[in-house]
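Chain lettering (A, B and C) follows the sequence in which the chains are written, and residue indices restart at 1 in each chain.
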């Protein structure tokens, strides 16, 4: 399988200069940072405003994130908002909670395959000829993968705010730089940068603050001398100076007043990820980086009474093998239960997107380290191997969970295909000191898989009351 | 090769929900923990009793183990003893020093392929119909691999105690949790848990103690509320409560009075690892997890006068590529010598199982950091690249060595195929300032490979006297 | 691609005893060691003399090296100088800046394929029959890869000094031992070892010194008792004692007075890496470990006015996938510019071999952390993702850059195939607040790729004046 994906990625190069995507950044351990005494539901604790939207930061120093070795941020991009081009030293996994738009993910050595022709020009009233790399549409429910170091920008061409939940896998093997993410902007001049610099935090991450220097950056052109920029781009110094964005106080998300004009197919295209290029091009340049996890037709677990669950792993989206991440989208109906389970090989970073549910998380000493309700917008990290149970509240619950393995393996404890079902009745009877009849009940009473409709009262709501 | 194994594993999924085994947990470095001044032979320093046996712990904080990034424990399971089901955040490699039995290694998404039929029921006088996952026999000399997070149980159906030496690879890439192993029990209620909790060590590993919290755990069901367990399993609260094993003081190994009744083929089956399932099933669910390393017919190095040596690497047992471990079984006759050698790419964790031998271990400064006898039951870690020589005592010596690479590469210094043989005579003559004739002797006098019968007196015994 | 290389390596074993090279040591992160405030050009700060040459050490504790997780040393081997056989716990990448010679890289289990026949003996006047492993010629411009733990020796059979720049990848996954490299000598008795031992630094790396214990080692035979050596090699004690090199004060590079006599093809052979062996042999034993990066016919980027650039990655030399390293050879003409760029997935360790150039290195806050000239013999580390620009001085500049990824991916900012070219004109116009016409200039004015001839004055020289 792993092979097959590698083959299908078959990451080649167009120009030898640009090298190859064929690294396999296996998840690195954050050892001894998982001595968690108590898990609390997290919410963002910092907010950075910009002209075209804002970004919220969860506390990257919280032990839950240090245990999982990740960071989480949330972007709000208003209509006609453009998130300025930047690249980061970690792979990103983005879930589009709301909205639609398009983005450029710039891969080195890939052709400028979106070109304006004479005809198109006339149709689109564009007064110039342009060509650029592929642009990818996205919409609610999409999961987008951005490799470490790949420059990207994002634009809202819809009518409502884009809400994007972003996982930054800072301990990913692809990040050789630092324990926290660093964003390198190619444009703009975020206000906060000045403030941080005034505070003397002229380099890297301020350790006393709970959020990354996301916005504490001038763009990288600021560090070059005008003369060399002018020569490199073969433009006059005035043009070169604009690269450094002096006096730009719009922040990291700008508003494009007249709307952004780019070359892209006139009708929305969804599964057009594998492009029209030559043999080499197809491998790395047309790697599929997006998949929709909300689409009900891709559901993996489905119980009409209880809910549904979709997994996005490297079997479905091969690029996930490169970044060693996966995602789960869960929908749980009113009062329905997810069987107690543990994930064998990954941490889970779970964000509730709608409604609420009650979760219990249990450590290896049989202690409950979390036994609370978690509601829309809140986040919880479930460490590898910790046992979990979930029950939705009255209005049901939806969540997105990021996992630090491209093929997270889940063991349920109750129901069809569970670990209890896998054991002989006599092992159960002996282990739990019960008659075989009782052991048989334990094994076979629950016929469903993973998601159950509770027979009686609502545990989640009553207990929380 | 690596490819081929991946292909032959071809780790797929039955239910998408359960994900996939296709991770490749490469050995992680424990850097700067190998500044070892002196190596001492280690013996277990803690012992935890249970009804059906006991477990001994080597000091996980010893610098030898910190250098190698592993832990070692030793189980003694009495006849009719059942090691309760549990899972651990590290891969395990188990050597069965003595005894026989069978075990369940529970893999998510695998079918319950062991089923009682009507006929079988009548034959076996079982009054109920059961079905469960595959059960694997084991016997003396078996090496068993258990992936991180996979629940497993073990039963002694023989006449003598099972003695199982267990390597826990805590720095394995598959462990994202902690620097030390954590065992999550699915059943039971080990006494020690209470004691530790009374001491306020309510979470994780007590750092002041030299052993893991192996037995400091209540089972994971204890952390869930009865009501949710009752609902999840669809059983009455009394049954659900038994999952939490209240009042059970039998410890982690219980005695099954009447003997365990499970469904398994009436005659012992040995090489029946690749099962009868469908195409998907065969990949992950019938992965071979066991091989016998004592079987003389699989010997790799054999010298009738000196001894024999068997290597179990991922060439022979492909699952070892996933856990990045291998093993060596050595048998050395009275006074015989193993050529000086170094392992290029792995630490070695060596346990003497019979007899004794003398070892010298040399660091990069040419200093002997170990020059002692090591006898049955003792353990020594040989760090990567350190040079070693061994000579058996009068009664000979047998050992099992675990290595932290799935294909440990060994360079001998003397004899056929040695590094000295690989060098031109003139390099040797120049480097050691000796005539070519002497250099030729150095290269060609020892004709054997790896294991030598000494010509004269016994170094090991005399020097130790 | 990754697959294909694995397949073509297909690292097998001749003798099962010797295991297999099929490990994939992925680069490990050195996290939080890249909070670099200021980068300075580095030069060696220690020098160890020997009879046949000397070795210079760059300060391994410098934050630039700690960020990149590597060390760099430079050997000078005089004509007829023999670098004594040794092995190291890290993979090595060696660039031959000057000179020629040959070397043995000893791989376990590989046949002694270089044999003297009767005829050859008569021709070469050798009075003895010898056979040994393959010997590899090298010459100026060669890049040589030595796996971790592989013993090797090197001999100068030319007329001028060999100058070899050596990268030691101490955080490579293949090194399980220590954060710094340790060299295990098989012969010799370097003077410095005694000094260090007198200072009480009897083990490992002296932390207060900025260089490795490269020469602080007696050879490993010193740690074994004479008696066991005598038995193992089946030689008399006098011969065995010479293995320990008592009284040898020639250091780590010795002079072979009469010149070294070895068996090798009479005419220089260059691309004869894939040998004459059987099927198994061919895989691991004839793996290509060397490639010439100076050969103009292998150039990847070429601009007659500006310069040329050659990349050596795992596409070209598959063994690089195993060690996760690559190299770049750059030649820049007088005043020519390398487009501003960043490397997505690797640190770069750049050594100027001829001439000088000016470099600017910019961090994620848009700050210039390096803005200086770097001249022949100096070294600079460019951390992953940091933006860089280079301009050669009057006499031009040549460099070798080692990279900590086997397929380093480079994104340029200006010129053909750059990130700016990949973006739609309207994104540029909006981001930099410029009219579309100016944005078009920015995108399309510079037609060349990577290396540019400056149109006007020399920035590098003038600014530095």
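Here are a few things to note about the model shown:
Methods note: a residue touches a chain if its C-beta (ideal position, glycine included) is under 8 Å from a C-beta of that chain, and two chains touch if they have at least 3 such contacts.
Per UniProt, the chains are A, B, C = Cupin type-1 domain-containing protein.
Quantities reported herein were computed from a predicted structural model and do not represent experimental measurements.
Its C-alpha atoms fitted onto subunit C, subunit B is found rotated by 120°, rounded in steps of 5. Residue numbering at the subunit A/subunit C interface overlaps only partly, since under half of the positions present are found in both copies. Taking each chain's centre as the average of its CA atoms, subunit A and subunit C sit 37 Å apart. Shared contact sites, meaning residues of subunit C that touch two or more other chains, fall at 3, 24, 26, 28. Within the complex, the subunit B residues that touch subunit C are 1-3, 24, 26-32, 34-37, 67-69, 300-301, 309, 311, 313-315, 321, 324, 326, 337, 339-340, 342-347, 360-369, 371, 383-385, 387, 389, 391, 404-415, 417, 419-427, 430-434, 436-438, 440-443, 445-446, 449-450, 452, 454-456, 459, 463.
Interface residues of subunit B, counted against subunit A in their complex, comprise 3, 6-7, 10-13, 15-26, 28, 82, 84-85, 87, 89, 104, 106, 108-110, 112, 114, 127-128, 130, 132-133, 135, 147-151, 153, 155, 171, 173-179, 182-188, 193, 196-197, 202-205, 213, 216-225, 227-229, 231-235, 239, 242-245, 248, 254, 256, 260-263, 283.
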